[in-house]
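Each of the next two complexes has subunit A plus one other chain: subunit B in the first, subunit C in the second.
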Partner chain A sequence: MMQPGLYHLLFISAALFFIGVYGFLTRRNLITMLMSVELILNSVNLNFIAFNKYVWPQRLDGVFFTVFVIAIAAAEAAVAIAIIINLYRSHQSIDVENAEELKY
Partner chain B sequence: MNVIVLSAVWGVVMMFSGLFIADKSKAKYVAIAGLLVLLVANYFDLHHKFLFASSIGNMLQFESFGMIFVTIALLSTLLYVLLSGAAVEKVGNHAYEYFALLFFVLCGVGIAASYNNLLMLFLGIEIMSIPLYILTGADKRNLKSNEASLKYFLMGSFSTGIMLLGIVLLYGATGTFNLVIPAVSKASENMMVSAGIVLLAIALAFKVSAAPFHFWTPDVYDGAPTVFTSFMATVVKVAGFIAFVRLFENAFGGMTDVWQYTIALIIAATLIAGNITAVFQQSVKRMLAYSSISQAGFMLFAVYSVNAFAKEGILLYAAAYCLATIGIFAVLIKMKDFTFEGFNGLAKQQPLLALLVSIFVLSLAGIPLTAGFLSKYYMVLASIKAGGLLWLIITAMLCAAVSVYYYFRLIQAMYFKEGDANAIDVNPRFKALLVVAAVLIILLGVYPNALLLDWFHIL
Partner chain C sequence: MFFVQYSIFKMNGTTIIFYLLAALTLVSGFLSVTTRQIFRAAIYLLFSLIGIAGIYFWLNYQFIAAVQIVVYVGGIVVLIIFSIFLTQQAGELLPKQQIGRKIFAALAAFCGFALTMVQVWKHSFTKSTGDAVEATVTNIGAQMLSVDDNGYALPFEVVSVLLLAAMIGCIVIALRDKKIMNTEQGTPNKEV
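Entry: the complex of A and B
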C-alpha cells in the first residue's frame, strides 16, 4: 500500500483552498460562504501539519499553530453566526444579494 | 506585556461591572479608569519593568517603536472615550460590553505592536478584528449596521485565510515562525518565501484598506455606528500599519527587491483611488472613509521605505491622524445631518467648533504648521532616502493637492454657506477637550522632536 507523501497532502490542501475560494466568490448563501471560509482555514491547517511532519519534524511548531487557528476559527464562526442571525431577523433571508442597503 | 495582560483583564472587569452597576451612564467612567491603569502599565512597559514574569519564548519583543505607538494608541483611545464616551452608551443597551470589546481590541493592538513571531502577528490581528466585527454590528436594529458587520466579517475572514497561507508558505520554506528569516538556498524554497511575502502583503493591505483591497472600507465605515467608525478608522487602522511596518522591516527588510515595487504600485493605487473617489462624496462620514484610504496611501510609504525616518514618520503620522480624525468624528457625532449641507453655516452658530474642525481638516490635508504636514513630509522624505521612485512621489504630491479640494469643501460649507447647522448638546468640557486636541496638533507640527520623536531615541 502506498504511503501518502508530502506532495499528496499539499495537493489536497491546495485543492481545498481553491474550492474554498471558489465557494466564497460564487455562493450567495451566507452559511455556505461561512463554510467556504472554514474550508480555507482548514486547508491551511492541513498544510501546516504536512510541512511539520515531512519537512521540519524536529519541532512541533506547525501543529501548535494549527491549534491556535482552530481556536480563532471557532471564535470567528461564533461571531459570524450571530451576525447572520441578526441579518436574518431584519431581512428574513440569508442571501447576500438581499443585503444591499449600502449600495449606492 | 503589562498592557496586553491588563487590557484583556480590564475587558473582563468591564463586562462584570455591567452586571453589578445598573446605571448605564457610569460605563465610561469605568472605561476611563481602565485606560488610566493601562497608561500606568504602559509607562512600566516603556522602561522594561514587567509586572508579570512569564516566559514568552522570544515571541514578543518590546522595542521602543512599538511601545511608543501603544502610548499613542492609549492616549488616542482616552481622548476618544472622553469625547465620545456618552455616544457609545447611546448605541444600544449594552454599554459595558461595548467598552469591554474596545479593551479587547486594545489587547490586540498591544500584541500587534510587539510581536516577534508570525503566530503572534496572526493572533494580534485577529484579536483586533473579531471584536470589531461585533462593534460594527452593534446597532442591531439598523439594517446598514448589520450589513456593514457582515461585509467586514466576510472580507476580514477571507484576508485571514490569505494571511495564513502566506505564513504557511514561509514556514514550509524556513521551518520557523520567527521574524528573522533564515537564508534559503534552493530555488523552490526561494519561490515559497517570495509567494509568502506577497500573500502577507495582500492580507495586511486588506486590513489597512489599501487599494485594490479597499472596497469594504467605505461601506463598513459608513454602516457602522459613527462612534465605532471613529475608533476603527484611527487606532485600529494605525495599529495595522505598525504591524505592517514591523513585519516588513524586521523580517523582510533584506529582501526589498521581492516586494518593494509591489508596495509602490499599491501606494499609487491607494492614493489615486482614495482621493479621486473622495471628491465625489456627499456625506461627510463617507468622505472621511475615503480620506482614511488616501491617508493609508501616505502611511504605506513607511512600509515602502524601510529606514529610521520611516519609523519616526509613522509614529508622527499615527499621532497626527488619530488626533485629527477623532476630533472630526467627535463633532460629526453631534451633528444631525452627516452630509456636507449639514455643516452649512456652522461657523455662525458655533464659531469655536467650526474653527477647531478647520484645524483638524487642515492637518489632514497637510497644511504647514500642523502635524499633518510634517508627517506627510517625513513619509516622502523617508521614501526619498530609500531611493524612492520619482513617479511615485509625484503621484503622492498630486494626490495631496487633490485632497485639499474635498477637505476644504467642509471649511467652505461651515464658513461661506448659509444654513442653520448646529451641534446638539455641546458642553464646555467637550469644547475644552477639542481645544486640547487642536493645540496638540499644532504643537506636534511645530515641535515634533520635543513632544514625540526624541522619546524614540531616549527609551
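Entry: the complex of A and C
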C-alpha cells in the first residue's frame, strides 16, 4: 500500500464532490438535494485542509477558510430548512417538480 | 530488527486507518445519494461526515475535526432529521427517477471527476519551504482575532453578522402567516 499523501486526499475530495453533484442532479426531493449540497461543501473543506497540510504548512489560511465555510454552510442549511418547511405548509410536498411558481 | 518491523507495522497501521476512513466516507456518501429511503439517506450522510472528521483527526487538525463533529454531526444532520420528521410520511419511499436522468447525471459526474483527476495527476505540487505552523487552538485563535495583515478579525465579524441575519431570516420565513393558519385549521377568518 502506498503511503497516503496529497493526491489521495484530492482523490477523496473530488470523488465526494462528484457524488454530491450526481445526487444533486438525480434527486427531486428538496431535503435530499440539501444533503448533496452538504457533501459538496464538505469535499471543498477537505480540499482546503489537504492543501494547507501538504502544500502551504507555514500558514493557517486553509484552516480559516474551512471554519468560515462551515459557518456559512450552517447558516445556509438553517435558511434552506426554513424555506422547505414553509413550502411544505403551502404545497403539502417538497418535491421540486411541484414548486414551479414563485408566488401563488 | 524488531524495531524495523515495528516501524513498518506502525506505518501500515496509519495507512490502513486512512484507507478505512476514506472508504467509510465515500461508500456512505454514495449510499446517501442513491438510497430511496430518505431517513437512511440522512443516516448515511451522518456516517460520511464522521468519516471526514476522522480524516481531519488523521491529519492532526483536531480543532477542525471537533468543529466538524459539533456543527455538522451535532447540528446540521439533526436539523435535517427534524425536517424529515416534519415533512415526510413514515415508510414512504422516494419516487423512482427516470433512467435517462440517472444515466446523464452519472455521465456528467464521471466526466467531471475524470477531468479533475487527470488535471490533478498531471500537476505536481511543490511544498513551500518554511517552518510548519501547528494548527493548535492557540495559534488559530490568536490569528483569527488579530487585526494585523494576516489576521482574520474582519471576516470573523462579517460571518457573525451573516449568522445573525440568517437567524432572523429563518424566524421570519418560518413564522406562520395568520391567514394561512386560520384556513389550515378549517375556520376561515371572518375579518379578512
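Going forward, the second predicted complex is superposed on the first by the 98 of 104 C-alpha atoms of A that agree within 3 Å, B and C clash if a C-alpha of one lies under 4 Å from a C-alpha of the other, contacts with A are read in each partner's own complex, and residues count from 1 in each chain.
The criterion applied here is as follows: a residue touches a chain if its C-beta (ideal position, glycine included) is under 8 Å from a C-beta of that chain, and two chains touch if they have at least 3 such contacts.
The structure presented is a predicted model; accordingly, all values stated were derived computationally and were not measured.
Undergrad: For A:V44, decide between first (touching subunit B), second (touching subunit C), both and neither.
TA: first
Undergrad: Given the touch rule stated above, what does A:L16 touch, subunit B (first), subunit C (second), both, or neither?
TA: Only subunit C is touched by A:L16; subunit B is not.
Undergrad: After superposition on the shared chain, which partner residues are touched by A:V55: those of subunit B (first), subunit C (second), both, or neither?
TA: both
Undergrad: Contact-wise, after the overlay, does A:S90 reach subunit B, subunit C, both or neither (first, second, both, neither)?
TA: A:S90: touches subunit B and subunit C.
Undergrad: Is A:V63 in contact with subunit B, with subunit C, with both, or with neither (first, second, both, neither)?
TA: Once the two structures are laid over each other on A, A:V63 reaches subunit C alone.
Undergrad: By residue count, is subunit A touched more by subunit B or by subunit C?
TA: Of subunit B and subunit C, more residues of subunit A lie in contact with C.
Undergrad: Quick check for you: in the superposed arrangement, does A:A99 touch first (subunit B), second (subunit C), both or neither?
TA: First partner only.
Undergrad: Based on the A-chain superposition described above, do subunit B and subunit C contact any of the same residues on subunit A, and if so which?
TA: Dual-contact residues (subunit A): 17, 20, 55-56, 59, 64, 68, 72, 75-76, 79, 82-84, 86, 90.
Undergrad: In their complex, what parts of subunit A are in touch with subunit B?
TA: Residue positions touching the partner: 17, 20, 24, 30, 33, 37, 40-41, 44, 47-48, 51, 55-56, 59, 61-62, 64-65, 68-69, 72, 75-76, 79-80, 82-84, 86-87, 90-91, 96, 99-102.
Undergrad: Would you tell me which residues of subunit B are touching subunit A in their complex?
TA: Answer in residue numbers: 119, 122-123, 126, 130, 133-134, 137, 140-141, 143-144, 146-151, 153-154, 157-158, 160-161, 164-165, 167-168, 171-172, 175-177, 219, 222-223.
Undergrad: Considering the complex alone, what residue numbers of subunit C touch subunit A?
TA: Residues 11-12, 15-16, 18-19, 22, 25-26, 29-30, 32-34, 38, 41-42, 45, 48-49, 52, 55-56, 59-61, 63-64, 67-68, 71-72, 75-76, 79-80, 82-84, 86-88, 94-95, 97, 101-102, 104-106, 108-110, 112-113, 116-117, 120-121, 125-128, 130-133, 135, 139-140, 143-144, 150, 152, 155, 159, 162-163, 166-167, 169-170, 173-174, 176, 180, 184.
Undergrad: Where on subunit A is subunit C touching in the complex?
TA: 1-4, 6-12, 14-23, 25-29, 31-32, 34-36, 38-39, 42, 45-46, 49-50, 52-60, 63-64, 66-68, 70-79, 81-86, 88-90, 94-95
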